[in-house]
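Just passing along the structure, written as structure tokens.
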Amino acid sequence: MNISFDPWVWIGALLTLAIFSFLYRDNPFYKVAEHIFVGVSNGYAVTFYYHNILVPTLFNPLFRGRLILIIPFIIGALYFTRFIPKISWLVRIPIGILMGYGIGASIPATIQAYIIKQVQGTILTPYNFQRWHAGSTGIIWSAILFLGVICVVSYFYFSREQKGILKVTSRIGIFFVMIGFGAAFGYTVMARVSLLIGRLQFILGTWLGVIK
Amino acid sequence: MKFVERMLKIDRRIIYLILAIVVILPMLFNVPLRVRVMEPVQKLFNAVEAIPPNKAMIINFEYDPRDVPELQPMALSILRHAFTRRIKILVLSLYVQPLGMAQSALTQITEEFNKNAKTNADSILYGRDYVFLGWQPPPLVPILGMGESIANVYKTDYYGNKTDTLPLMKRIKNYRNVGLLVSLSSSDVPRWWIEYAQNRFGLKVGAGVTAVSGSEFYSYLQTGQFSGLMVGMKGAAEYEEMIASELHIKARRKASESLPSLTYAHLVMIAFIIIGNIGYFIKGRKK
Amino acid sequence: MKRTLPLILVFIVGIMGIIPFLIPHPAVQKTDDFFRNDIMKIVAAFALVLGLGSLIRVHFDKIKRHRENWQYSWVLLLTFAVTSIIGLFGGVAGTGPLPTHISTFHFDIQSIYLNVEVPLGSTMFALLAFLMASAAYRAFRARSPEATLLLLSAFVVMIGILPFGDQISHRLPSFAQWIMDVPNVAAQRGILLGVALGMLATALKILLGIERNWLGGGGE
Amino acid sequence: MTLIFLAFTVALAPPTDLKAYDAPDDGGGTINIEWQLSPDDAVLTNYEIYRSDNGVDFEKINFIGNGKNFIQDETEDNKQYYYKVAAVQDTIRAFSGISTPVKSSAQWIDRNKLNIFIALAIFGFIILYYIYHARKGKELYIRKIAGLQAIDDAVGRATEMGKPILYTTGIGYIEDIATIASLNIIGEVAKKCAQYNTRFINPHSDPIVYTVAREIVKEAYSSVGRPDAFDPDSVYFVTDSQFAYAAAVDGIMVREKPATNFLIGWFRAESLIMAETGASTGAIQIAGTDQVSQLPFFVTACDFTLIGEELYAASAYISKEPLLMGGIKGEDFSKLIIGIALIAASIIGLLTKFPVLNLFK
């Protein structure tokens, strides 16, 4: 039993306990921890945005005469029009720019990552069979995968009532989905418990020093 | 009936309490749990064994205090393995935070070995058996530069010695003298070693990663880009199992000691799921 | 005007977002670079002010009207103020004009981050170990075929990845892995394909101004 | 003496047929260099790459481990370069022949990406075609979506219990489609809250999403003729830190005890933290996200979950906007095409030697 004397360790430990106490019920300790968390994270955000974005990418270059940066400066400033009712609609300009660019850029990315790549991985070809490193059974696995994908997609067919063949396939589809979800859930448990063990080692070891 | 009702709605706090107990208790007694070693870890162990005597191993520490419970045990095992087999070690980080982790691991293991070393020959000496190269930003500079000359990238080591004066560095010039690189990381770094160091210089790469990031890395093992892989506490425990059974090293097995907590946590969840279902079925029949 | 101008902007900027994928030529890539690394970053950074404005107003209001738990709003506002001041004037590395250590005790922004935000964050994350347990207990009941499958596959995987699952049968771990690799991947792919088409449709609707909900109310 | 010298030079076989050419489909500034490995590859230290702009005096510009026969060199566009490669063993070098002169240049089209844009053209056309049709007032059928039926009852229930409704759009940005879909639903939920006069709580983790949501909710209240009922503090920003946000939402859930929690949008690991806390307060929970990794947790912890595309469908369905509904019909038709493509490609892949996978790089 050799307890820590580092004030930061104490702060970290007390905050940790405060969060855990929430599992029993909401209480003043949790409330304090929660409000500290929100306060500090916003303070850190302010620091980060100022020192790591505004200063290096806007102010410094601007004062070094990179006048083109006045454009983003003005666009950004338009956010503040929100507080001026008469011209508050101008706030749509910076929002529109961020959203438009983000969405535009996401279109090809989505098609590549979510459609083309997924289709490529599903097609039944000798190459895809070997990918399993499962020898002759590879073909069966690919076939199951193929069937599963088709059925799951059919579950998301909205513009027809789920009758007849569509009813069958979408039912199989939802079975695949449920198996997948269950597996993903079970697989995650170990990762989460590891995190818990990590926190407990901090409490019992670093702070209290009851375990080595 | 009353009892069945209770089976169906157990207060969550009871579940939490029991879970907490089964996780904490084993931590106090540190009884290691034996595991069967799975292929990914077996491969990594063999890869380390296969390092020829004239080549060194690079250990890349790339984790911060958050990941110590999962990754530090891996680091200790790898170091123990290397020093027992007299494999020369170079230690480095691509970022500054992990240096502390590396330092503490090195001190612990070197003391552990030198404690019962009698002659100069069988003790672990800095500069002869291992070198702590430290940190040299930006990340890509060392990853690529060490392909030509390690000493040029790290002019001085972590302690400020001129690298080329260290006896070990006279023999270990670049990746050609490196048998294996093991990257212990919770981030993307193991991928970089493959993309740059392996694709360009054919460097063998192994990795130890956290359970959270584990699933992303399995594919690299399948394609053979990783010579071996440790995932989470279980992976670390398996490696501890290897050095205990193969090299007969008697040492703390921190990861294996966490396994009981992991296992019991799973079992508790499973138990409660079963209880819930039993209650559900009995009730179903009653209706 | 108040609606058309933003809509036109969205369309133009959207196209600017798409083409760099197809055209590697520097003429295009360099403009895209400037757009992404300068304009976007800066514009996004300014937005934080809107958020903080709201946060501060809400909590001062709470304090003023003595709403329930108003005392804690002081905690929030104070920690926020202190952290910001230390961060802004103490500098990222604690090298700013404001002194950030008393003898050996450092309270620069990084130490605050590492010793306050990180423990809080990882503890919230660790709560999941408990929450998964209660969620599983409540939800994993064999009510329907679907629920049963959910329950069973969770079971197999949970046991399969444990050392003790391996003692039951050497097949179990590989079976668990199989579930992860085949049915699980099939489900994810199926969902992703649908998601992708939905994203594509929504994206097009936004860029073409068919979907203009985001403009909110006010002024034609 | 000369003998020994000769002995050295013949000792090592050089790499052969060296090819240097402008890297295709790139933004210029790169030349690809290829060669046949030296027969002595196994014993080499590495290969050294030499460059010259006049074909006479070469300088070493790069090197690469043995076993490798390809490297890229950064160059100035439209400037002529000559290359040669040496097989190196310690101090011994065996040079290949000199490459033909080559210039690097930028291309205007990346052909590897063409398939993406073909797909974009096809699907885009289909979707827009159906939207256009819908505009002509064609009646479109969309099957029931469980989560949606629930929304009405949810608000009603809250009113009866005199409890508020909590709505979170997750931690996504405004350009995340899931966020946008969520913002379509939030308007409708807000309208109902305005009608039933139910308190509406809407904390945010992104300042821009917050700004937009605020406008939408405000609009919703005035659209049902109760602008006065809109409480400006009901829509507010908390923090952009993932877990701090989760902590705050948890706090709201246990203190305000909402009758219904809507968790609809873009989520990461905090999804279960919020969903399970909400469940513990006995609230009805309606979740929806396109984040496949988080769906398992929503499905376990919530009463209704909009899975992936259902979320988008919902946002169109709920607004009853024919234009938005048209999109869904288009998506369905696109699914048919994907299915057909999968089957066709598989048949080709199974029966022929045609490298069908390369169509989907």
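Letters A, B, C and D name the chains as they come in the text, with residue numbers starting at 1 for each one.
Here is the rule we use: a residue touches a chain if its C-beta (ideal position, glycine included) is under 8 Å from a C-beta of that chain, and two chains touch if they have at least 3 such contacts.
Since this is a predicted model, take the numbers as computed values, not measurements.
A.B. asks: Among the chains, which one keeps its Cα centre farthest from the Cα centre of chain C?
C.D. replies: Max centre-to-centre separation from chain C belongs to B.
A.B. asks: Taking each chain's centre as the average of its Cα atoms, which is closest to the average over all protein Cα atoms shown?
C.D. replies: Chain nearest the overall C-alpha centroid, as shown: A.
A.B. asks: Please find the two chains that have the most C-beta pairs touching each other.
C.D. replies: Ranked by contacting C-beta pairs, first place goes to A-C.
A.B. asks: Using Cα averages as centroids, what's the distance between chain A and chain B in whole Å?
C.D. replies: 25
A.B. asks: Quick one: chain B and chain C, Cα centre-to-centre, how many Å?
C.D. replies: Computed value for the inter-centroid distance: 28 Å.
A.B. asks: Per the centroid of Cα atoms for each chain, what is the distance between chain B and chain D, given in Å?
C.D. replies: Roughly 31 Å, centre to centre.
A.B. asks: Roughly how far is chain A from chain C, going centre to centre by Cα mean, in whole Å?
C.D. replies: 5
A.B. asks: In chain B, which residues are in touch with two or more of the other chains?
C.D. replies: Within chain B, the residues that touch at least two other chains are 12, 16, 23, 66, 215, 234, 262, 265-266, 269.
A.B. asks: Can you list the chain D residues in contact with two or more other chains?
C.D. replies: 113, 116-117, 120, 123, 174, 177, 180, 208, 211-212, 238-241, 243-244, 247, 255, 280, 295, 297, 299-300, 307-309, 313, 328, 331, 335, 338
A.B. asks: Mark out which residues of chain A touch at least two other chains, giving numbers and ranges.
C.D. replies: 19, 22-23, 31, 33-34, 37-38, 40-42, 44-45, 79, 82, 95, 98-99, 101-103, 106-108, 111, 115, 119, 122, 149-150, 153, 156, 177, 180-182, 184-185, 187-190, 193, 195-196, 198
A.B. asks: Touching chain C in the complex: which residues of chain A?
C.D. replies: The touching residues are 7-9, 11-13, 15-16, 19-20, 22-23, 31-54, 57-58, 69, 71-73, 75-77, 79-80, 82-83, 88-89, 92-111, 114-115, 118-119, 121-122, 132, 141, 144-145, 147-153, 155-156, 173-190, 192-193, 195-196, 198-199, 202.
A.B. asks: Which bits of chain B are touching chain A when the two form their complex?
C.D. replies: 13, 16, 23-24, 27-28, 30, 66-70, 210-212, 214-215, 222, 232-234, 252, 258, 261-262, 265-266, 269
A.B. asks: In their complex, what parts of chain C are in touch with chain B?
C.D. replies: Chain C residues touching chain B: 114, 118, 122, 129-130, 132-134, 136-138, 140-143, 151, 154-155, 158-159, 161-164, 166-167, 170, 173, 180.
A.B. asks: Can you tell me which positions in chain A touch chain B when the two form their complex?
C.D. replies: Listed in rising order, the residues are 23-24, 131, 133, 187, 189-191, 193-198, 200-201, 204, 210-212.
A.B. asks: Of all residues in chain D, which touch chain A in the complex?
C.D. replies: Residues 113, 115-117, 119-120, 123, 140-143, 145, 173-177, 180, 208, 211-212, 238-241, 243-244, 247-248, 250-251, 254-255, 293, 295-297, 299-300, 307-310, 313, 328-329, 331-332, 335, 338-339, 341-342, 345-346, 349-350, 356-357, 360-361.
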